[in-house]
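Two complexes are shown next, each including chain A; its partner changes from chain B in the first to chain C in the second.
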Partner chain A sequence: MRSAVTALLNVDRRIIYTIVLLCVALPLLFPLKIKFSPTREVRDAYDDIQALEPGSVVLISCDYGPASMPETHPMFIALLHQCFRLKLRPIILTLVPDGPGLALRGLRSVLEARDEQGNLLYPDLKPGVDYSYLGYKPGGQAVMLGIGQSFTVTFPQDYAGDSTSQQPLFKEVPALGDVAYIFDIASVGLPEFWLPYAAAREKKPMSVSCTAVSVAQYYPYYASRQFHGLVGGMKGTAEYELLTGMEQILRRVPDATRGMDAQSLVHIFIVLSIVIANVLFFIDRRYKLADRRTG
Partner chain B sequence: MSHAGLPIGEIIGFWASAAMTLIILSFIYKDNPVYKFGEHLFLGTALGYSWCICYYNDIYPNAIGPLFPRHGEPRNYLVLIPIVLAIFIMLRMVPSLAHLSRMSFAVLIGGYAGLAVPAVIMANFLPQITSTMGALGPDWATAINRLVLLIGVFTTLIFFFFSLEHRGVVGRISRVGVLFIMVGFGASFGYTVMARVSLLIGRLQFLIQDWVMRAILGRG
Partner chain C sequence: MVFLKRQLPVILAFVAGIVLWAQFYIPSKASQQVLEVFTRWAIIMSGGALVLGLLSSVHYHWTKVALRKPGFGFSIVTLLTFGFVAISGWFPAKPVSWSLWVSLVFLGIAALLCIAYLVRRSRDPSAARLLPVAGLLAALGLLGALVIYPMQLKMFTTQTIQPGSLFDWIFLHVFVALDATMFSLLAFFIASAAFRAFRARTPEATALLIAGCIVMLGRVPVGEWLGKIPHTQIDLPAIASWILNNPNAAAQRGILLGVILSQVAISLRIIFGIERTYMGGGD
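The block that comes next holds the complex of A and B.
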């Protein structure tokens, strides 16, 4: 018994890695379809966007890079589909240097999405009219304050190199004060800057989608209703995909939703490991105390 | 075109990404020369990418472009001021001229403090205090939540109040604060585990769906 306890307490970490790997890989190959339902934080963000009038402009800041792609990128895709289905007009930008390529890839995938008959889902969308992709601009807070004055001065050209001052969208919506909603999808601490320098300054509602690491940091802002909605990590994104009906739109299980089975299995394994390790620790300690008593 | 109508460039991209993923994951087994190669390749690529992004989005449009315009626009000599200030920061590497960098930092700190102080007070400080001190209602559940929040904030602040020795009543209150801090750390740790697992899921999704299914088997 004692040798088994000692062996289990000193188990090779590679065995644990292998179990984690299996817990992730197996559900991806053989989906378990574990049910989950949207939480209030995610539903609040979704409901806010749903409540916007057709034609309203939503500023989407894609402040994430490849390192957090599984948690954040599917959220951008779901949000864009939701915007285009509701005839909202997104202005997309990024304030992180590794963001422009991903944001462009996400936008393209949505613009090129097709229905079962092979027709484009959104065939009539025109850049500069129904949406705009501004790309990356360094400066963080300076950019936020800049677009508070004027989009076209801060971004004289969009990502494609076309002059923004000639685009109908920016004639109608010249500055941040004219957009209806701000949505920051972030893997870095930028939501804490979007709040004071953009949302609070221009008195605009704002929601945040962030990595799971950051959620605890942003809950106080959600509790104070400064962030109207909070989409946290892959789980939050999967809930948003469920609300948006991404499975019907894409006609396949969307990425974050597909990851939920694996996420659940790994969590069960980690919780069990913690419980077992603690029980073994106390058993081992009892053995050691007994040894000390017997000399 | 090749498997499942994928362009050959995309297939090469899938193979390169898959190879890099496996090379980096090989560190889980143990440190090895292939991992070192992957690590250095990543650092080099990331640095090169950052330099290009920095040059085309920052240095050229804000410094070189206005001084040497391409399309016959007038030169903007005002950009010489930030350029000189930027050079002063670089001079920290020259001990005899390092003091010049103070001027640049004074401008930076003064500017950012001026921007940040009112914004942070109006958007972070006051609303957070108001939210914490909110009325105990409207229902029992909300009232209990707010009471717990208030006790958590108060006891945690007492823990970080070092002007009084943590003994007696103050000591007991600060110990309650420690419990709240531990719960906070636990929640953060749980979320961190979730985030790291998500990254592994993302990589395995890529390996299974894109690399194996699309690039190798030519499905989907």
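The block that comes next holds the complex of A and C.
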């Protein structure tokens, strides 16, 4: 018995890795389709966007890189679909150097989305009128303060190289104070800067989508309603996909929702590992105490 | 020199700090213009800092290769990758011309010959014969990539990185894949670490362990599913949400207040010249 306990406590890490691999891979091949419902934090963000008047401008900051892509990128896609369906006009930018490629790819995938008949879902959208993609600008807080003064001064050109001062969108919405909503999709700590330098300064409502690792640190802001909504990790994104009806729009299981089964199994495995390891730890400790008593 | 190195930065920090602090409380047009000017300077300086960081990185790796410090091979790969990706950014359109591919093959062979020379030069003096060949191939490659290819394509007419371009291909198939892979490995390490290190040794550790398990299960669909099992009646998502919204938020709020008060203290120390470590310690 004791040798078995010791052997289990010192189990080869490759066995653990293999089980994790199976927990991730198998549900992707054979989906379990476990049902889930949206939490209040995610619903608050979704409801805020739904409540905006058609034509309102939403600032979306894509502050994430490839490392957190599975958690954050589907959120950007769902939010863009929601905006375009509600005739909202997003201004998209990124404050991280590895963000522009992903944001552009996400925007293109939404603009090129087609219905069952093969027609474009949003055929009439024009850059600079119905949306704008500004790309990356270094500076972080300085950029936030800059767009508080003027979009066109801070970003004289959009990502395509066209002058922003000539675009109707920026004639109507010259600065951050004129947008209706700020949505930061972030894998880094930028939401904590967007809040004081942009949302609080311009008195604009703001929601955040972030990685599961960082969501815990944003709960104080959500509790105080400084963040109106909080979309945490892949689960939060999957809930947003559910609310937006992404499965009907894409006619397939959306990316974050598809990852839920794998995430569920991995979490179960980790929790079971912790429980089993602790039971073994206490049994082993009892053996060691008995050894000490017997000398 | 002491004035430029020590006193001028303190004066600049004091003036900038006081001006921006006062600006926040003065709601006038002139005050807004001051903020606009400072913001523009900050953005320009951030761009400059980015270039400085790149140059510093190149200098570090170049020195490492030149002095053949341990692990200099990785620095060669870093420098080659840096150069290759930077050059690929100059060609934002889809590569439809043969000249680019031939040029890239020439540059690649030249790079491999350089690496072979660096590796063999201490053991084999005749390795130097590789250098003229590498130089010729590099020259041909650069001629093709920087002159013939742009002429063929009428390059530099567009600024946007196009889908299918070399830069886009590198970003999507190399950078995205590598970055995502590195982050994905965390799942394996976390699972292993949870099994080996997460022990209920003390009451605090036990509380953390229980809360962690509840949040882990409550934040995935299976937590909701467990509550639907007949006779269980455990609403794990609600308990997880309570933990995050109450004890977690309270603790985070305390940490945040501490951090922000420290930031205020450090800012005041910098503005009044008490804190000078940001200027560096050397001469």
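Here is the rule we use: the second predicted complex is superposed on the first by the 295 of 295 C-alpha atoms of A that agree within 3 Å, B and C clash if a C-alpha of one lies under 4 Å from a C-alpha of the other, contacts with A are read in each partner's own complex, and residues count from 1 in each chain.
Going forward, contacts are C-beta pairs under 8 Å (C-beta built on N, C-alpha and C of every residue); 3 or more make two chains touch, one makes a residue touch a chain.
Small disclaimer: the values here were computed from a predicted structure and weren't measured.
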item	value
Joint occupancy of chain A by chain B and chain C, clash or fit	clash
Greater chain A contact set [chain C / chain B]	C
Chain B versus chain C as contact partner of A:128, first or second or both or neither	neither
Which superposed partner A:138 touches (first chain B, second chain C, both, neither)	both
Partner chain(s) touched by A:159 [first = chain B, second = chain C, both, neither]	second
First (chain B), second (chain C), both or neither touched by A:277	second
Contacts of A:67 with chain B and chain C, given as first, second, both or neither	both
Touching partner for A:98 - first (chain B), second (chain C), both, neither	both
Touched partner set for A:258, first chain B, second chain C, both or neither	first
Touching partner for A:28 - first (chain B), second (chain C), both, neither	first
Chain B versus chain C as contact partner of A:229, first or second or both or neither	neither
Common interface residues of chain A - those touching chain B in one complex and chain C in the other	17, 20-21, 24, 67-70, 97-98, 137-138, 141, 145, 212, 215-216, 220, 223, 232-233, 235, 263, 266-267, 270
Of all residues in chain A, those that touch chain B in their complex	14, 17, 20-21, 24-25, 28-29, 67-71, 97-98, 136-138, 141, 145, 192, 195-197, 199-201, 211-216, 220, 223-226, 232-235, 255, 258-259, 262-263, 266-267, 270
Chain B residues within the chain A interface of the complex	28-29, 49-50, 53-54, 57-58, 112, 115-116, 119-120, 122-124, 127-128, 130-131, 149, 184, 187-188, 191-195, 197-205, 208-209
Contact set on chain A toward chain C in their complex	11, 13, 16-17, 19-21, 24, 34-37, 39-41, 65-70, 97-98, 101-102, 104-105, 108, 137-143, 145-146, 149-150, 153-154, 157, 159-161, 212, 215-217, 219-220, 222-223, 232-233, 235, 238, 260-261, 263-271, 273-278, 281
Chain C to chain A touching residues, read off their complex	32, 35-36, 39-40, 42-43, 46-47, 49-50, 158-161, 163, 168, 171-172, 175-177, 179-180, 182-183, 187-188, 190-192, 194-196, 198-200, 209, 212-213, 216-217, 219-222, 224-225, 237, 241, 244-245, 248-249, 252-253, 256
